[in-house]
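The structure under discussion is supplied below as structure tokens; questions concerning it will follow.
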Amino acid sequence: MQRTAITAAAAAHLIPDGASVMFGGFMAVGTPERLVDALVARGARGLTIIGNDTARPGVGVGKLIDAGCVARCIVSHIGTNPVTQKKMIAGDLQVDLVPQGTLAERIRAGGAGLGGILTPTGVGTAVEEGKTVIEVAGRRFLLETPLTADFAILHAHEADYSFNLTYRLTAMNFNPVIALAARVVIAEPGEIVPVGVIPPDAVRTPGILVNHLVERPR
Amino acid sequence: MQRTAITAAAAAHLIPDGASVMFGGFMAVGTPERLVDALVARGARGLTIIGNDTARPGVGVGKLIDAGCVARCIVSHIGTNPVTQKKMIAGDLQVDLVPQGTLAERIRAGGAGLGGILTPTGVGTAVEEGKTVIEVAGRRFLLETPLTADFAILHAHEADYSFNLTYRLTAMNFNPVIALAARVVIAEPGEIVPVGVIPPDAVRTPGILVNHLVERPR
Amino acid sequence: MSMDAKEIIARRVALELRDNTLVNLGIGLPTLVARYIPEGISVAFQSENGIIGFGAPPPGGMEDPNLTDAGGGFISALPGAAAFDSAMSFALIRGGHLDMTVLGGLQVDGRGHLANWMVPGRLVPGMGGAMDLVAGARRVVVAMQHAARGESKIVPVLTLPATAARPVTLVVTDLAVIEPTPEGLVLRERAPGVAVAAILAATAASLIVPDGVPEMALAG
Amino acid sequence: MSMDAKEIIARRVALELRDNTLVNLGIGLPTLVARYIPEGISVAFQSENGIIGFGAPPPGGMEDPNLTDAGGGFISALPGAAAFDSAMSFALIRGGHLDMTVLGGLQVDGRGHLANWMVPGRLVPGMGGAMDLVAGARRVVVAMQHAARGESKIVPVLTLPATAARPVTLVVTDLAVIEPTPEGLVLRERAPGVAVAAILAATAASLIVPDGVPEMALAG
């Protein structure tokens, strides 16, 4: 089978208005900026975005917030983005806050076919509201349910022609986890290399999980 | 802080009779053979071993079974080891069978501080007996509880002086998972290299998780 | 089972392979399916001990003790292979990332339930990864002999412990292709030269027989 | 908070570092602790965005957009560093592999409960990793100013949403070291030159005062 890379614009057109989109990135480090730009350029609307944070205005998914592409975000914090806070208070943006480790595990559970996980995080806090509490070995845990999405947009360090991916230092963060949890996975690599350049032990996301690869800028 | 490697014999003496020991390896591939030999040599007794399988007689943890070191094993299959089956039938060895993916997740949960995970695996089978069934979004899942151990014995490809570890191809299997789930972690690497030889992105088990490193044979 | 029977099963199962998908082949007979991949189809094979993209045994003297299949046999890695740990391996399996798993069977019953991990009092190998594979793969194909020791392995109700509550997708034997449906087991195809009557006679469970049961096509 | 207050807190917290352990420092004041590591103590610092073993900002022009701390600031990696994904990062945090986390606080109450993630109606930054850190680290040290805008941050009962049900291990402020115990908050140490009476006057919660409260030692 021959797999080809597509433009960021073409990838953005695969993502319809109203879609749920998981994104890699931690304060925009490890966020696929060209895919974000293409979503803004095509005027995406009503997206639900799922990831660590909304970065800052003008950076990473902060650009999606600025441009009004987002109806809802499921993130662990918004403290660094005043635009997110302003839109939330104005009622233009729904913000669901999830503890960061719980967010990672909920996405992982979605990708790994688990029905949920039990975590001690959030017990006895506002996070517990509306959730099932389960006691195991005398300790109380919250039952946290899986998260999946229509799309995942990843930033990778290298991709090979089989779409195998590597990540770099702290740009890895949520990228490998979301690669398992979305129906359609789109990766934006920094480099695209021939098969064999990435050794099997260096692959962090097997290419079979990746549906579309974004070509390098020409 | 200066960390030094110890002999396999010294490592084996850290593991007392009756201890629970998680081991890496899949049909003995990725099992620390020198640590196993040292446990046999010191005449360990009453161990509970936790890992994928009991390999074959004379190989991997099969040697622990042969030598009568093991009182109980928690594994996903024993089909390749007739000695395990004979001892089980004779009542000399308790065998707890756990589906392989559930075993990986239970150990991961133990290492990740989760109170358990919900899996569809085993629903409606003998594995369901005695377990809590939890319904999420209309589907039934088994609540599987965390597994931890006193010790984990790992086979690594490379270790550096900071005890960072890499693994090789299919010898990785349960090794990275058990490295998080035991009170004392002992790693037996194929090579020991200076700090910096293993780049940060190649590390699969951060050295801070490893308590003891077994030196190379002289 | 004769070589012919195994080959028929493997060549028929191979037609179930879909382009650009991930597939897990169980130990034994299912492994043979890899020999008959139809032209134009690119499949990645997963071995649950932690690799995608493995190939045939290596040239003599080049075996790597750190590279084996789930049966412990030496394999090679194809260009583009990826290695991972057991948690990731079963995330792939349980999370629906496998298009298909091909497994051997001891029994399949009238509701399509599979038993393949123990015979109480006689054989207790354990389930290994089988329960996860049947629970998680998108399609579960059972590749097995139609009968063992003269007894049908396709039975009205399992007498052996089930591998999963979920019915399998398809059963391919040396005699027939059978599809479990909510209405019961449907006879979809006959093996080359095998009559419907012969299949019915060799099957302990009842089969729904549509008008005209075609002979199975074979890959390779 | 004056530079002196921050420095006192950081230098006192640094004495809590234990050899050969993993430590997570929160954004802001807690970061300063890394400047005062006592001699003979080797500590690995984790940043929850996915690295163990990070160091000071890189030389000018050598910043790497793929290497930042949890606040988004450029960092360097020390020899022996290890990178990992968010699932692994929080497995380390929640699984008890962190010996200590040092966090800022908005309030600590008489039972040792911490609030540090939101002020209803005014500030909703979100909890980020704080709830996992407080739930999972072996020791949770709060490093904060004793008072803000003239009001004690050590209160009888939290008026802000709690970060965790679990009490913190130790509270270090510019005035005192306070240990939450089942009996209540115990005043363990005074800041240099600060009298017990001054601490009691500045604290809204009641404190248990043992006979003789020593002046705090400071690292570095």
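As written, the chain order gives the labels A, B, C and D, with residue 1 at the start of each chain.
What we mean here is this: a contact is a pair of C-beta atoms (placed from the backbone, for glycine too) under 8 Å apart; a residue touches a chain by one contact, two chains touch by 3 or more.
Predicted model, so just to flag it, every value in this text is computed and none were measured.
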(message) If each hop has to land on a touching chain, what is the smallest number of hops from chain A to chain D?
(response) 1
(message) Please tell me whether A-C or B-C has the greater number of C-beta pairs in contact.
(response) B-C
(request) For chain A and chain B, let me know how many angstrom lie between their CA-based centres, rounded off. (result) 32
(request) Go ahead and note the Å separation of the Cα centroids belonging to chain A and chain C. (result) 35
(message) Quick check: how many Å separate the C-alpha centres of chain B and chain C?
(response) 29
(message) Need the CA-centroid distance for the pair chain C / chain D, whole Å please.
(response) 55
(request) Quick one: which residues in chain C touch 2 or more of the other chains? (result) 51, 77, 83-84, 87, 90, 93-94, 135-136
(message) Where in chain B do residues touch two or more of the other chains?
(response) 105, 108, 112-114, 119-120, 157, 167-169, 172, 200-201
(request) Pull out all the chain pairs that touch, please. (result) A-B, A-C, A-D, B-C, B-D
(request) Using the touch rule from the top, collect the residues of chain D that touch chain A in their complex. (result) 47-51, 64-72, 77, 83-87, 89-90, 93-94, 123-132, 135-136, 161-166
(request) State the interface residues of chain C toward chain A in the complex, per the touch definition above. (result) 19-22, 41-42, 44, 51-53, 77, 79-84, 87, 90-97, 135-136
(message) Taking the touch rule as given, give the residues of chain A at its contact with chain C in the complex, in rising order.
(response) 1, 3, 108, 110-114, 160-162, 164, 180, 195-196, 200-201, 203, 206-209
(message) Under the stated contact criterion, what part of chain A meets chain B in this complex?
(response) 105, 109, 112-120, 134, 136-137, 139, 141, 143, 145-146, 166-169, 172, 200-202
(request) Over in the complex, which chain B residues touch chain C? Could you list them? (result) 26-30, 52-53, 56, 75-80, 85, 88, 95, 97, 99-105, 108, 119-127, 157, 167-177, 204
